[in-house]
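Quick heads-up: structures coming right below.
In what comes next, subunit A is part of two complexes: it sits with subunit B in the first one and with subunit C in the second one.
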Partner chain A sequence: MFILVENVSFTYLPNTPFAVQALCNVSFAVERGESVAILGRTGCGKSTLVQHLNGLLIPQEGRVVVDGVDTRVRGAALREVRRKVGLVFQYPEDQMFEESVFREVAFAPRNMGVEGEELENRVRWAMTVVGLDYDALKDKSPFELSGGQMRRVAIASILSMKPEVLVLDEPTAGLDPQGRTMLLGKLWELRKQWGLTIILVSHNVEDVARIAERVVVLDKGKIVFDGSVREFFADEERMRQCGIIPSPLLQAAFLLRRKGFAIHPPLAPFDFYLEIKEKVLAGKRPCSVEM
Partner chain B sequence: MISFEDVHFWYGERESESKVTPVLQGISCVLREKEFVVLLGRNGSGKSTLAKHCNGLLLPKKGAVLVDGMDTRDTSVLWEIRKRVGLVFQNPDNQLVATTVEEDVAFGPENLGLPPAEIRKRVDEALEKVGMIEYKKREPHTLSGGQKQRVAVAGVLAMRPKYLVLDEATAMLDPEGRAELLQLLQELRDEVGILHITHNVEEALLADRVLVIDGGRIVAEGHPREVFLVGRAIEQWGLELPQIVDVALLLWKDYPDLFKVLPLSPHELVDALCSYS
Partner chain C sequence: MFGRNVIIGQYIPLDSAVHRLDPRSKLLVVALGIVTLFLVQSWISFLFLAAFCGILAAVARLSFRYFLKSLRPLWILLLLTLVLHVFFTQDGVVLFGFLRVSFEGFIKGLFIVVRLALLVVVTTILTLTTSPIELTDGMEGLLSPLKKWGFPAHELAMMMTIALRFIPTLLEEADRIMKAQMARGVDFESGGLLNRIRGLVPLLVPLFVSAFRRAEDLAIAMESRCYRGGVGRTRLKVLRFAPRDYLFLCSAFSTFVLSLGIPWIVR
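Entry: the complex of A and B
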């Protein structure tokens, strides 16, 4: 087992009147190379959970084991976990501190001993993957960037350490539609190329449809669903119970199913278009052809 | 009405225009009273910069921004402008300053010099509207991402502005929170002029008018049904089509008599499909 989360509970401000139990006996496991989406309502514990995966938070109860190492260890072994598991924060500002984009993206690989030309190549590569113009932006301050540019720097600065697991907390929030499609496409490629394991927190059903194979849903700190994307998207009622509103595409598919058409829940507009032609409009000729 | 008149802007106090690429390059547009406008555009195209011009947080280097006729560069009316134009920032951390949620939301109304009872009422009302009333004693920095975003919206609502400028206020919201905020915007529609910046093209379908900005210029403008008719050419501006529009345009090419007007919602699409014979 690559990543094991076992009976993890976590409470913020424990033993105070403001105590908030964010995770309650959470267990799941991720195999190398998997692509898992974590969903759930606001405040259900997603960010808290993913911060456990690289040892940023240590379970108060239960344990998290990454490639055989329990995150409750300290020192070198914990640093090894942090190197293997790259975490991109929900708010990019929370992870930035360097005065230039170059230094920001170079920070992690430099700490790992990468230097000189190799470092520069690494930074250039990471910035290109997220669609940032290396020459135009490398000397800018990260704090003088637009929101979406900052998000891209945050992702690049984790990618640059070439982690084995990439954990992304709302990675597409703030990205423009094309940037979003490009990023998800690149992540998919990296998965194929390196066997990268991807764990993604997202409120966006379309992102999930595009990149994840498995869905884990949290509700008030507990796991309430763990299964395949197809299984999750096939059940409208369960989606809504979990606080997920189906995408417009899925809504249209559900409407057609209620009218008796055997439409599969589509993952992309083009699939849906083909299915409509085959199953809804079959036998009906466009009038331009009749004429 | 908020009106932009040939607005140019670049960052950097001392830079002259010839040395920099201006971020806004001649923006002319308006936000009318009680109008719901959605602003779309790729990363770095100038949306947040434009938003910060609406209440005088940034001032044009050339051209002018007028709020109900008042020039944002005129310091004597800046206070009145800030009262009328509420701005929600892209990152709520830049907006949440106080030590508890309710103090944070009270910050604006306090600055308006309202009596304490009125402040109380507005704060509770605003927190109620965004579903955060139970959190009013919490410290803002202990909230989750989406919870912070809701509080930031409440802070601006409590000012009861005449114009509301939302810079990606739905970005961190969960689907229900997003639907609730959009519903709230629909309700506010009769009272407030709204400029809503978003990367979610589906949200643009609710607008009276869509503006697309690219390279610091307005490159498209109109009702969503018109703007999205450009089809996949919309990618030239870093955008994509809303899902239903994408499917509909594909079908429309094969079946030219399938639709009378471009369907925007799942219902409109399915109704058209089922009534086609």
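Entry: the complex of A and C
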């Protein structure tokens, strides 16, 4: 087991009138190479949970083990955990401070002691992987870039650590449709080509459907569902109970099923959704609907 | 991480007689109380003032813990005061060489420590029972007579409100950026002084960038709602003295006068 979260509970401001329990006895495991989406409504503990995955928060109860190392370690071992589990925060461009894109992307590996040619190679690789032109952009100020480019620089600045897991907290928030499609495509490639384990935090059903195979749903600090995307997206009732609003296309699929229309070929709502999506994107007619 | 145990300026929203007092009367009493604390010269006066604080805290249902917490950042200062007095009061017993220990100095030091502690307690009662917004409203109310001479009371209060409003936001932001940089391998917790100072650059630059952006946004938001300073502005909550405010003011004044006069009466 690559990442193991075991009976983790966490309370903010414990023992004060402001105490908020963010996580309550959460357990799950992620295998190497998986792509998992963590879903849930705002304030359900998603962000708290992902900060546990690389030891930024230490569980008050229970434990988190990354590749055999308990995150309660300190010093070099903890830094190694943070390297292995690259965490991209929400609005990661807010963390930028360097004068050039190169220095921004090189910041994390430099902190890990990487220098010289190896450093340059890593920066080049990380920028190329997220679809940024290394030679054209490396000397630009990160603050001159467009929103989508800034987001990708921020993600590259984590990838340059060569993490084994990439954890992204709402990576597409605030991006325009092109930026979103581009970013999701790059994440998919990262997984397929480079074998990265991806953990995606989102409440955007479209993003989840594109990237993840497994869904972990949190509600009020507890895990209420852990299973395949297909299974989760088949049950509209459960999705809504968990505070997840189906995307318009998925809603259409649910509606057709509710109204008793048979879809040919007979498909589960999620497959119907994928089918429509692929065909429409390819400019073809989707499957026929029989009244 | 940050800001988790800063109690000064952390309002505890309860519903008590002290909470409901007009912020102006609370501010006035605290200001006079501080002056009194610096004027009094005897232990018995402190007893009066401490009893007054105790009653206020009890009425406001504040637990003793909050006061200990607000004193915590000051304990080094208090200890240092005491130690300096013990060793540098002239009439002490010579230990060896120039080092003297003075019992009188200890008593004097303790006196000042109690004075400082009471100072903190008084202001903590104010900030625990009065929301920052009420505080600035009260300050504006007290300063507004000076408007006649062109004193920008409203603008000052607005600036303070905004500053107070953004402290938690900026702390949260700092916490978030710090975590983001820690995820990129920055070590804020160890290393020498120089290393730690260097480690602040990746924290401070993004923090300033976001603070300026927020300021810009706020200015635009205020302008688009036609904010143009205090002239002709009315308020949603008009401050009004209630009977309990007069009662509070009277009892506070009499306590202060009594604590100032008591050494003469006792003698």
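Just so it is clear, the second predicted complex is superposed on the first by the 224 of 291 C-alpha atoms of A that agree within 3 Å, B and C clash if a C-alpha of one lies under 4 Å from a C-alpha of the other, contacts with A are read in each partner's own complex, and residues count from 1 in each chain.
The rule is simple: a contact is a pair of C-beta atoms (placed from the backbone, for glycine too) under 8 Å apart; a residue touches a chain by one contact, two chains touch by 3 or more.
Not measured: the values here are computed from a predicted model.
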Which of subunit B and subunit C A:E231 touches, first, second, both or neither: neither
First, second, both or neither for A:Q149, with subunit B first and subunit C second: first
Subunit B versus subunit C as contact partner of A:D139, first or second or both or neither: neither
Touched partner set for A:M112, first subunit B, second subunit C, both or neither: second
Subunit B versus subunit C as contact partner of A:L13, first or second or both or neither: both
Touching partner for A:S157 - first (subunit B), second (subunit C), both, neither: second
First, second, both or neither for A:N54, with subunit B first and subunit C second: second
Subunit A positions touched by subunit B in one structure and by subunit C in the second: 13
Complex contacts: residues of subunit C adjacent to subunit A: 4, 12, 173, 176-177, 179-187, 190, 201-202, 205-206, 209-210
Subunit A partner contacts - residues on subunit B that touch it in the complex: 11, 41-44, 47-48, 90-91, 93, 138, 142-147, 150, 168, 171-179, 199, 201-202, 235, 238-244, 246-247, 250-251, 254-258, 265-267, 269-270, 273-274, 276-277
Partner subunit B, residues of subunit A touching it in the complex: 12-13, 18, 20, 40-43, 47, 90-91, 93, 144-149, 152, 170, 173-181, 203, 205-206, 243-245, 247-249, 251-252, 255-256, 259, 269-270, 272-273, 276-277, 280-281, 284, 286-288
Complex contacts: residues of subunit A adjacent to subunit C: 13, 17, 51, 54, 56, 75, 79, 82-83, 86-87, 89, 92, 94-97, 107-109, 111-112, 143, 157-158, 161
